[in-house]
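Okay, handing you the structure first.
Each chain gets a letter, A, B, C, D and E, in the order it is written, and its residues are counted from 1.
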């Protein structure tokens, strides 16, 4: 990206009136009508996470909005600080529960960075394949929900059907559909079963068909275009200042993709395009996600061609459990295993921040270790947090029906937002 | 580094402005699904759950089971590894000495609170004796009371008996006095 | 026996019998059936199976029993009136919706006349105009429900419904102008009679062929008038939850729903009558020796099957297209449909005058 | 929409990642009094600052043509109570900022020690939009006051929550008192927003 | 007027059916009303409802435009039915009338009366 493309946000734009939580509109002086306050959420059909938007309306027009979050707060960080390092992995499944693999990968990569180890190449490719499958499920869910709320219920169920094909793939590898608990420090817990990669190709073809069908059903329909176009526009500069990442930032026209900007795993060996939008409205976000799924399919196909044979777990004794054969056969193996289980992992003291491109944007894990068996700090940087924060700005001046179009397109995931 | 960028196509032409072509294309797809499904249920993906069941994968993590040795006794040696590694702290083990010296230790109590369990499978990985498995393929566990989710050792024990001539029968396993005292409470702490 | 026949010959008794027939044996069963079919058909579109669980013993009847189950459920639901609601208005609001939905059937001929006897409840002179007047009373149902519920979501739904329905009233009337010109009458029986003719003895002179643009506008306006998708902003279940009837429960709620489904049947019947020849079976005039009872039966069958097809078509539309936003609904009407309807009127008039 | 990707594809040259020590040097140059330590662990550049300087340093990092940190990535705090580590920290809390520059393609981590008895730090909400909620969350979780924040209220926990849950001295299984319905009702009717 | 009687009967039947439904609901529905149940829906929050709320419905102009158009359209019906008899003179008159109507529409459009503010 060109340095001259971006201008620093001006002081004018940072005026506190736009700061969420500070918008309390005054009733218009020249009319005898009042501003109506209406609560959208938490018990509202369009709030498919749990969030409360206190909306102030003048007629049907939004003049103010105060988002309130925290309804799904489960204390991820506190719980992690009181667990062993490995016990956090099942918990990360519950962050962004529509793309659990990516959360697993992010956390494991952060711990591996703390250890300073590199994982085997097959494991890296496996993570790319599974991660991209997971990204597709994430986008499928998001787009489906978004279209459903503007009335495309058929689109919703078709996409959920496609997601089901992919969940069954995840299940074949990990043994779970949503709560997968798949990665470990230094590799993955399981390798692909026989014939899995062929199955992936078959299913991706089915998914591609569904995507094309859905594309024709909805994206070129004028009614849908009317609902999405120029709704919830955010300028490039503001989006960056709000900390937008992922599809939302790309929809604003900034080609910022962590898979390219901070290359991790083997993404730099794979060829894909970064879809970007023009305006940064809901329609752009929808199209960017649509295109990203196609790119993900192509990434998976390339990765399947390139995946090498080999182990999926490092041989390092301090990272993974020893081979089962060793555990059952030798006393050393058994002792190692016992020590691993009882004492847990001991990453060297230090702090790392590991960002990966999650389904929704930059998913960062900030870990602090003091060399003991528990994390001192296990912080998730959730992408949704910034999006919901920008909700008032996105919605201001639009109609009450546009809230759902905007909210659907930012893909807020409650588990990730509130942790 | 170099990367490729692709602008999404958000152009809008006369075809979109007329509304009807877009709706017609949509109708084409929905009608195709409609007639295929009305005539022969060709595309239907839903299954009739209680009658039909979805085949789960080999690796599916379902309800736990405690495996047995060839002679029919539990493989578990009550080493507390699964209890230690469990993130949900849902396993509760009490070890006991078996009268037979070849058996070393065995679990007097082995309770899993399946309501607390997060089905992560770490206990299976941690077990050094392959004594606990999650390959029962049980998808749904639905009961009417919380107590029903507390699976004691005898409920978890594998129903399958590999050898006909077993050295130990079920009756040989020392049992807790009653079901109530065998159960931990919901926080995984044994009842007083 | 004589007494019974005489009694049956009384015009008043005949009217009541016709009303009971068309309502209780045609419109309401079909409307009720549609509540199930909406779910079954949407399931087929979406690759699902749809409801099939309600059963008596082991008999499931392919989901047909769900109708009975739903009715029973509504009957035994608690009947709630929200705090602060205007009880009287709250109670009478469903009446208006229901009344306007059933009133349409008064003018619809279901088969050709035999002598003096018409298979039509009444054949009033202003015909459709009078019926539009009656049906537009339906707006009161939505407005009263919205205003009396003491709920903000309902209030939004009510105001949206009122603006949408009165606006589309205009286009509804305007789109039929061309039809009135072509058939030279506003009386329904005359319009249907006119559609019995054929061009070159081959193409039936149906309204859809004489007035294609009028058909599109009329169909659109009619769907909007009944607040069906894609014009269901007043009910907008995703933003204002259920719109004007969000506070209703039990059978009160059911009357709104049933009214909606009867309105679907009404729309389908109107479309059939005005644009698809009503009961007129095309090319039947070739068969001159057909017995009267068979002709009547065929006519009724044609009418019923076309009505059914249009019920299905409305449902298919609903599960295909996304929803309009409320202001877009209004803009579509005033800025697109209104000019198109005016244009249609002018062009039709010029052609007719030039040909006459 | 199927389309030829070759037609709409363009290549963009990302600027080469500069040596990140430029950032450290710059801060060293401009605010020599502010720097406590710097270190580079596993490739993450870190600057520890005195908290009084956080605002000017952040402004400098955002606006200086060599840094251009347009994106505010993350803000959190770490509680080092009873933790022995060689991360060279001196006080109980440390507020941690992560910044990202898109145009210069680099990241930086800033850390400010905050003592327990004077638990406050200047707010930087005027520099990036994103800061607002992150500071609220940090206040909610650790009780660190951000001086000058326009709306420093709880965000994830409810108003009546006692204590700050992520402090190490907050027991993990502590139970909060149940709220009376009246409190809840009052809040909804005459809530903090009106 | 004889033929209007069935319509009246039909309306009464419709109202009667809806009335029967409501009566059934009142008769058979359980009565377990509580304070919370009776509160109007507002996403799970307590609400004051719409009493005393005056909110700007913003379709005053639309209503006026509707009134104008509906009345004008009614004037066109007699002409439409009699178009063959009135022939060219009638058509020219009607076109003039419609022209004025269109002018009004264009004026409204330009003035922004059709915008849903």
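The definition used in the following text is that contacts are C-beta pairs under 8 Å (C-beta built on N, C-alpha and C of every residue); 3 or more make two chains touch, one makes a residue touch a chain.
Since we're looking at a predicted model, the values are computed, not measured.
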Smallest number of contact steps required from chain A to reach chain E: 1
Centre-most chain [mean C-alpha coordinates]: A
Pair of chains with maximal C-beta contact number: C-E
Label of the chain whose CA centroid is most distant from the centroid of chain C: D
Length of the line joining the C-alpha centres of chain B and chain C, rounded to whole Å: 51
Distance between the centres, which are taken as Cα means, of chain E and chain D, whole angstrom: 56
Chain C-chain E separation of Cα centroids, rounded to whole Å: 16
Chain centre separation in whole Å, for chain D relative to chain C (CA means): 60
Residues of chain B engaged with two or more neighbouring chains: 1, 3-7, 9, 23, 26, 29-30, 45
Touching two or more other chains - residue numbers and ranges from chain D: 1, 5, 9, 12, 14
Multi-partner residues of chain E (each touching 2 or more other chains): 42, 45, 47, 53, 55, 57, 116
Chain D-facing residues of chain A, complex: 1-3, 5-6, 8-9, 11, 14, 16, 18-22, 24, 37, 54, 66, 69-70, 73, 75, 77-79, 81-82, 113-114, 116, 212, 215, 219-220, 237-238, 240-243, 245, 254-256, 260-262, 273, 349-353, 355, 362, 364, 366, 368-371, 376-377, 379, 381, 385-386, 389-390, 418-419
Footprint of chain A on chain C - complex, ascending: 42, 45-48, 152-153, 156, 229-230, 232-233, 236-241, 319-328
Touching residues (chain side chain A, partner chain C) in the complex: 36, 38, 40, 44-46, 60, 147-154, 157-158, 161, 217-218, 221, 223-224, 226-227, 399-404
Contacting residues of chain B [partner chain C, same complex]: 20, 23, 26-27, 29-31, 33-34, 37-38, 41, 43-46, 48
Interfacial residue positions of chain A with respect to chain E in the complex: 31-34, 36, 38-44, 47, 52, 57-61
